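See the structures that follow.
What follows is a pair of complexes built around subunit A, which joins subunit B in one and subunit C in the other.
Coming up: the complex of A and B.
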């Protein structure tokens, strides 16, 4: 017995170390910073100095001040709209992809993913120049006779943020929907046809319900990415396009009120966690195997 | 409601407009395939297949993998288009009828149950896409589940069922629409042996009860023998023989069927003379006499033509009685106990290329009377032997 015990000991310690590291990394780099943030949200600032006495004043201010809650709410609605529009646009695209055969399918998928390789800021600039007063969109609409003169409807407001976020995030919606659609065994559609369903019935009763997990994760991806974004609103939102991300940014930057910023990000984190949990809840496939 | 009551209900309430089935003794053709061919690109998988399926029968399409048997089923079901030929239902061409309009339902190999629907949802699917009223769906789902003995499983999901249970759900789902023909694509392949045996009996009994035509595809000849009214043996995209299990077993029309269908002894030789219902064949075992009763093509084959003398392992006997026919001696090479029977491998003649025969005897508790390297006198009755042209 002792022989086998001593032989096992040297392999056991490195293994334990790896296990420890695997757990330590997320704790040190994710949980601890989050906990510090949570802690900061209960402090306050006095003349630029952080006062370390515990208080819930930051949360009270967030809930009672007439500025923050409406911005918070509008941002949630905005990001929800982005998520819905992304999913509505991505679904047909992903569905079309699954109808393609072999090489074409993945070529086109790669093409759709190419924007992810580009710098975020460059993409925003590009989109801004398309949406701007002298941008491509306005020129096209004017030359088509739809508009009399260039409109400022598409830039430096909420619409601009909506359009830009949708364009930026749509690849994140296509991918999960495509993957779930692709994973539906074709035999299920054949079984549906065989049982007398029309093409529309097969889609509504088999394909769509089985792809809902992908739709749920696509929506939660897009929502979470959109709500955490402050750069896009900052660059295309102008004065009227004021989102919660920008409020946060200003608290940490210009206002130098870290405790209040922390309280606001706790509120934001609550929404994000809720979105992820909802996505997870509906993203779980009831019948993993067929 | 007992299973039997629900059976009566299922049978009595036929689809409106459905032709009343013919009585059991008048078996008419339900479905006919006329020179059906299919190729995938340049690869042909079916060559000029002609097949008539009788109303109410249990027809098995049997063949090794790659024989095109599943393709036949998929063409009939409308899952794939034909390259040429036509399919007729009650004499009417349905070759171009879309899959969802054909009055056939399929039990797929891996069941293809909808994972997001309950057992009841799966079984009722075919009715609900036809906009049958909810109440009637509920009633018929309950009947169908009763029939397959899954009455209490209506609210479960497919992942919560065992293989055999899923199998029965798939069957209930296929028969609830009262199809003219149920297509079964190797439905028992994924089940273990014991369950497979049970399901074979179960399928057969259901088929008898609801009197619906079953087209069953399998590569397992034992399964085919046990369940079928008729068997259609396929090889390399062609039908080799169509007949009752008995016909196929005792009167195979070619070497492939003779070898594929059960254990067999095939001894090559050249045809000799016809004497009434018997014909001789000269082989390495000497001159053998085989029956040609009721098979004019064997009677009329030219003398000297190459053929096989065929006799089943159970037809071979140890016998010292010498009546001059089909009598020879051989050396036992091996004796293998196989439960209810014992198989002896016998070499006839000294050289290595000598034919090896299989003999199957009922096992006895006291052990086999035969032992290896013993030389024994063997014979078989002419009526137990058959000729196969090569």
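Coming up: the complex of A and C.
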């Protein structure tokens, strides 16, 4: 025992350093910047200089100005729609994966995840060229006879942002749904089968309810990723597709009002935290671990 | 088993999803080999000219170099820091929850918030924006991933391993290097690959904290307004192949262990 004690003694000094680093690193590089950022939301800007007197004017402006709240609300609705469309597409795909056996299941899952590795910027650019007036989508719709002539309905507006974000974020919806579906013990479905339920009944009464936590996590993931994105709206949104992310970003560029931007970020963070907490609350797997 | 029509429906939706996901990848890869004129692909004349001219594109190669430097530094810092934090917090009761929460914040918050917070922080402490600030931004962003990967492995290790090492007379360092490290190395390698992949494509934080030197995604973002030349498509195709290989590698390093633990 004394041997162990003396052997540990030389490590005391590095141990203190480790303790210091373990606490200092996250505090200095994460907590302090966020705290300063929060502090900035109570400052103001005067002739391009930051005025450090405390004020709630930024929050008052956000809540009272006729521009910001509607943009904020529209963006929330837009991202919620993206989340819903992603889940509607991802659920059948994830379900299909779980019907496959062994290797194939993971091969196909991998195949659906690979697009995530592709450069985000390049994907936005490619999607924009697909949606454009001369793009593939218009060509396909015209040749199928659905459209008479190429339409500019799919680019440089809110639809474009909706479509692009959906295409970019589907994989984030597939994964959590697949994981919960996979974790449902097959015995439960067999029992339902043995008790005389039809395939549809088994799905509605057993599989679907047990997979809802995965759906909640998926929707929460997609929503959070969509609402924080300012690159996609900037690139495909044009003039009419103005989202909250863009407004926020512009405060640090053209509008040059960092304190107001910080206040807008606090509003964004509030929505994100709510979405994460909701996802967490309903995303917990209950009863599936039989 | 499910009835036939429902299986067909599921397969059809999966196929649709695959087409949706792959169409944006298809565009640059096809245009890297074929000329595209007026929105039509000229299938008759495949060419590797784009790949040749890429080798002479200084601007892109400089950005690629910056990206690789940032990626390497990010991997070193995040794997070092993440492992240290995992080792330290593992087995600690008090204060762990709060610190863990802080580490996860930049990963959970939208990148625009982390990026802007760092932007203001760098300005307040007088740190000029450069590749260093980009490295800090990336490290803060990926730290949670490495930390989580290493901690998960650490938790799956039996405590008796370390105790046995001490009982056999090993010092703290010997136990660390001979017992813990060999068991953690594959988790650290997996974390390193994930960290590199995330750093390589990180755009939103980078745009906010970068100085005059920009990484590849930011360079591409700036070029996008003008439209891309064919050599960009060639680069994209190469990057995709490279990242897929990296991903297969990461899967090999990480997955066998997880499947083994999940089986218990």
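FYI, the second predicted complex is superposed on the first by the 260 of 290 C-alpha atoms of A that agree within 3 Å, B and C clash if a C-alpha of one lies under 4 Å from a C-alpha of the other, contacts with A are read in each partner's own complex, and residues count from 1 in each chain.
We adopt the following convention: a contact is a pair of C-beta atoms (placed from the backbone, for glycine too) under 8 Å apart; a residue touches a chain by one contact, two chains touch by 3 or more.
Here the structure is a predicted model, which is why all the values come from computation and not from measurement.
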Field: Combined model on subunit A: subunit C and subunit B, fit or clash
entry: fit
Task: Give one of first, second, both or neither to describe whether A:190 is in contact with subunit B, with subunit C, with both, or with none.
output: first
Query: Now for A:274: first (subunit B), second (subunit C), both, or neither, which partner does it touch?
result: neither
Message: Let me test your reading of the model: by the given contact rule, A:93 touches which partner, first (subunit B), second (subunit C), both or neither?
response: second
- prompt: Does the superposition put A:201 against subunit B (first), subunit C (second), both, or neither?
  reply: first
Query: Does subunit B (first) or subunit C (second) touch A:31, or do both, or does neither?
result: second
Field: Greater subunit A contact set [subunit C / subunit B]
entry: C
Field: Apex subunit A: angle to the C-alpha centres of subunit B and subunit C, given in degrees as a multiple of 10
entry: 90
- prompt: Which holds for A:240: it touches subunit B only (first), subunit C only (second), both, or neither?
  reply: neither
- prompt: Between subunit B (first) and subunit C (second), which, if any, makes contact with A:55: first, second, both or neither?
  reply: neither
Message: Is A:115 touching anything from subunit B or subunit C once the two structures are fitted on A? First, second, both or neither.
response: second
Message: Rounded to whole Å, what minimum CA distance do you find between subunit B and subunit C in the overlaid structures?
response: 10
- line: The answer for subunit A against subunit C in the complex is residues 3-4, 7-8, 10-11, 18-19, 21-23, 25-27, 29-34, 36-37, 40, 89-90, 92-93, 95-97, 99, 108, 110-112, 114-115, 117-127, 129-130, 134-136, 139, 166-167, 170-171, 174, 199, 224-225, 227-231, 235, 245, 248-249, 252, 258, 261-262, 265, 268-269, 272, 276
- request: Flag every residue of subunit B that touches subunit A in the complex, lowest number first.
  value: 77-79, 99-101, 104-106, 108, 110-116, 125-126, 129-130, 157-159, 173-174, 177
Field: Of subunit A, residues touching subunit B in the complex
entry: 185, 187-188, 190-198, 201, 205-206, 209-210, 285-290
Message: Which stretch or stretches of subunit C touch subunit A in the complex?
response: 1-3, 6-7, 9-11, 13-14, 16-18, 20-28, 38-39, 81, 84-85, 87-89, 99, 102-103, 105-106, 108-113, 116-121, 124, 136, 139-140, 143, 166-167, 169-173, 197, 201, 203-204, 207-208, 216-217, 220-221, 224, 228, 232, 236, 239-240, 243-244, 246-247, 251
